[in-house]
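Below: a set of structures, written as structure tokens.
Look for chain A in each of the two complexes below; its partner is chain B in the first and chain C in the second.
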Partner chain A sequence: MFLLLPFDSLIVNLLGISLTVLFTLLLVFIIVPAIFGVSFGIRKLYMKTLLKIFAWATLRMERGAKEKNHQLYKPYTNGIIAKDPTSLEEEIKEIRRSGSSKALDNTPEFELSDIFYFCRKGMETIMDDEVTKRFSAEELESWNLLSRTNYNFQYISLRLTVLWGLGVLIRYCFLLPLRIALAFTGISLLVVGTTMVGYLPSGRFKEFLSKHVHLMCYRICVRALTAIITYHDRKNRPRNGGLCVANHTSPIDVIILASDGYYAMVGQVHGGLLGVIQRAMVKACPHVWFERSEVKDRHLVAKRLTEHVQDKSKLPILIFPEGTCINNTSVMMFKKGSFEIGATVYPVAIKYDPQFGDAFWNSSKYGMVTYLLRMMTSWAIVCSVWYLPPMTREADEDAVHFANRVKSAIARQGGLVDLLWDGGLKREKVKDTFKEEQQKLYSKMIVGNHEDRSRS
Partner chain B sequence: MRVSSDQIEQLHRRFKQLSGDQPTIRKENFNSVPDLELNPIRAKIVRAFFDNRNLRKGPSGLAEEISFEDFLTIMSYFRPIDISMDEEQVEQCRKEKLRFLFHMYDSDSDGRITLEEYRNVVEELLSGNPHIEKESARSIADGAMMEAASVCVGQMEPDQVYEGITFEDFLKIWQGIDIETKMHVRFLNMETIAFCH
Partner chain C sequence: MQEVSQASLARLYQRFRALDKNKKGYLCRVDLQQIGALAVNPLGDRIIDSFFPEGSHIVDFPGFARVLAHFRPVEEEDTRVRDAKEPEPLNSRMNKLRFAFQLYDLDRDGKISWDEMLQVLRLMVGVQVTEEQLESITDRTVQEADEDGDGAVSFLEFVKSLEKMNIEQKMSIRILK
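The block that comes next holds the complex of A and B.
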């Protein structure tokens, strides 16, 4: 038997009603603008408030660190070792010269000391190399009140801890359920909407409806992630019969781009929820989905893409040529397949601001569901999208060169480092051709001498 | 080894990156360093990390896996010479570094670099070039070995067999070359960058 205060049930009822009202109001405030594509500016206000709070938090930490007389900021590391810029030839010659016991005109062909250059270079790369750095999340220089990014900062006072605790409460108890509700709404509307549109006869009306259903659902998903996106140069947006090419950081890229434009997607057929969404979408408008077995067949893929692109009534294709997710500090090698089909390429650069939440999907560390939960419990996802002017392959240019040109343009616009390395290195080994280059250079040095000798 | 705690922390982070957050590294973990693939003597370098002679664990053989301490031990062969070191310490340092290189050549740990082992190194270094036949690589190695022999033993009788380069001979060959000033990896002097947003 427990004592119930007389107005206990009243309080519970009131609480229940007010929560429901609050939730509904929020949903209305968020979904209705999404349907019509307008924005109240709530998210921008939210972002400004957050920035002010972060600035205050950083100031407190600086003060705290100064009081304790410690260094707060870890030194800016762009690599931990100093690499000598001297070339292979110079260095080997220098070492040989310093072995002064031999007469200089009697230059030997091979010296015991030659091994030294390669040995040292090997050590340097083991200690620090460019490529592996790209595959872990970018480190922040200030703390954004998320414990998952608290690598270097320890000087947290009581006030900051309270603030952080409040942040946790808000993010997990208020924002997360809201976002999940929105995501659920968005996805179910997409599936239901596209299926219904699929029953209509083909024509202008169907296309119009399909476009708006797609856009509306993607906008709801954008709000489900609290993504604050700034679009630049919207006049360069991709048109029918073109190929939209962008750098890839996470699966969210698709949602970000598709909420501002109507694209045909390309991808592998999945099972589960994603498969249901894919099948529904293709009823409303032609997307290009490949079976798992077809993906390996490059000619088939190229053929289907070419067919799609040549039909001017079909939508621009959205494709991510890096093939895998990179941590948004650089752009890796673009696979040449999509650049061979001869369509106009509309490059798009996407750059995330890591201060509000790290959008990079480290697929070897987190699964998809864990990743989405992390996204939904961050403060927000802030990014900038630049639509670059269209590019076409020139007459005497090969696909690889064209791909690199597009890649440089994207890297330059987004402020990312343009790397020649293959994003697939995350999983595979370097091809043997690269190793051969270095060996050829050295052997040219040695054999050059050998041939001179035998000739004289 | 006089390395600052900052540098040790960074090396530890690097170790964890290479080992995939495991406490030890195996040979396979070095496959994740793409730049290393460019190196023609990659196999020998990786092997040097597991060589018991370099790890100071025995006269021969290879370890299966190495811990962070072992990693630091190998890295210590590449520490720069401190200006505060006296002559004896510099000489000691030099010997250590040269011993590391000697172990790279002497793969069967018998204390001598035989003609076979020498040829093996030259072939690896030259293997990338398809235009060099195995014969040329061999003759280059043979020629170099003869030069080395002449430095160590002087003039040889026609039927005298040269067994191989011992460590003392190795030291003789490297005389005059300031290897200790070149065989090091220097840490960047980190300066804080002003925090601007």
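The block that comes next holds the complex of A and C.
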């Protein structure tokens, strides 16, 4: 025990000094710039260095694979099978043409070979379909030194392993504690700040303070994730009385958008830490929080949203119409509810660069805490945000059509695939109406249209 | 499975894992039914059934790959003369035809009966066609293909009626390298 004593105080001293140094560094380099919205460019430099290292790592792996005469497994984002984009009619006609010697006229009929079309199409979807792959993390072409994204384990040389080990050390022992400290600071400042602002009487001063408290805390959280964000077209930023609509990849989307603008949030009331934050936030400025029971009542939801947007003094609402997290390679069906309330819609496209850390939240695989830990142990979160010009519903347009229009604009800008499928397919089966469409198309080929039949 | 490349197998395995959402190590019917684009295929259920051998409700990766191997494109080397002892590759013309045949032949008795033909037709058109029209189409199709007059289409009759068809191309799916 006596041997431990001087050793003990040495440890305590070292700990104290390093904590002070860390905190000062934090304050000077991260928190103060966050408050004033200034950046030293440290993160951009970090990003460039990382890219160089990743390129080197991939080269080494390719070399390793070549030595063993194998091919590296390279994921394809465009699908793993060769597909011809032909329609049902064309394909079946071609099949029939290749099978029979008699001249093909347009009389509707059935051939035994028609089954081949459906059979092959079905097999193609089993091997590769547009939707299933949107709900798992996007695969990378080059390795980013995270074991979670590596598919070619057997080709890693000693040097690469050492580099990877170094990466693990840096990420878990240096970056992670730093980020947790920042996140803690950010969240507590948010709760304390908004509660304090809540005590002020309503007026311009309160609004001003509340906006800036929110902004400051989101900025700190952005640095807590080492998020490197590039904003485009900031002149199109959402204004009061409008609805901001964006594609959804993870809960971090909220932090990314809210650190560059003032928004009112919409969501379900949660318990625990999130509930505390929600209750504090709503004291400073009006957000729209729904009880769990109210969420199912679509009219109530629409009414409250409409009331909010009609009050021009309230901030624009931030909403994610996909309803679920998609893996950022595509945009899925927008739920029409938000497009019915008749407000100006400000679309925003968010595209993450998966090289530095995959931001997609696969809620069936990871819980919230595991997800946040994964985020904080990645290299960084790099993304681009595009503010698109505002859109309004036209006189003869219905909500579904308007929603699809906005969705296409977002998909086009972000370079994402525009899909008609419902994000709810993550958990539920598809509706039968789609199958009927296929059956209708095929029926035309074997019995013709109603008009043809009545004529004969 | 001998000539399937390492990379193609790796891709298929990744796909198998992606479909196996609960990481059970095998697939059951529900996993395949959740593929949206398959659910809208009128023959979706039959295609799913083809993965599950008699009486079984699960399929492991070798079984999965075996079914998909039917759709491997026919390469040049495959058409060389094989000695009789080697088993026929799964993606031969005959095996592709056998696969298509079993989509029709539900009770696996080696013949497509009149009822079975009607059933498949009904699946493909849903409610869009009346019963009389469908029956007359079935009559005609069975008559055209049936040579020995037993009112059903046997496998050989099926093969004969499709002898001019370019099965190798129409029933093949190419995996990108």
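By our rule, the second predicted complex is superposed on the first by the 362 of 456 C-alpha atoms of A that agree within 3 Å, B and C clash if a C-alpha of one lies under 4 Å from a C-alpha of the other, contacts with A are read in each partner's own complex, and residues count from 1 in each chain.
We adopt the following convention: a residue touches a chain if its C-beta (ideal position, glycine included) is under 8 Å from a C-beta of that chain, and two chains touch if they have at least 3 such contacts.
For clarity, every value in this text was computed on a predicted model and none was experimentally measured.
Of the two partner chains placed around the shared chain by superposition, chain B and chain C are both touched by A:Glu124. Touch criterion not met for A:His401: it reaches neither chain B nor chain C. After overlaying the two complexes on the shared chain, residue contacts for A:Asp114 are found with chain B and with chain C alike. Judged by the touch definition given at the top, the superposed model places A:His212 against neither chain B nor chain C. Counting contacts as defined above, chain A residues 71, 73, 75-76, 79-82, 95, 98-101, 109-116, 118-132, 136, 421, 425, 429-430, 434-440, 442-443, 446-447 meet chain B in one complex and chain C in the other.
Those residues of chain A whose C-beta lies close enough to touch chain B in the complex are 71, 73, 75-77, 79-82, 95, 98-101, 108-116, 118-132, 136, 141-142, 421, 425, 429-430, 434-440, 442-444, 446-447, 450. For chain A in complex with chain C, the residues that touch the partner chain are 70-71, 73, 75-76, 79-82, 95, 98-101, 109-133, 136, 151, 364, 421, 425, 429-430, 434-440, 442-443, 446-447.
Chain B makes touch with chain A in their complex at residues 6-7, 10-11, 14, 17-18, 30-42, 44-45, 75, 78, 101, 104-105, 121-122, 125-129, 131-132, 136, 140-141, 143-144, 147-148, 151, 170, 173-179, 182-183, 185-188, 190-193, 195, 197. Residues 6-7, 10-12, 14-15, 18-19, 21, 32-44, 47, 68, 71, 99-100, 103-104, 120-121, 124-129, 133, 137, 140-141, 145, 153, 158, 161-162, 164-167, 169-177 of chain C are the ones that touch chain A when the two sit in their complex.
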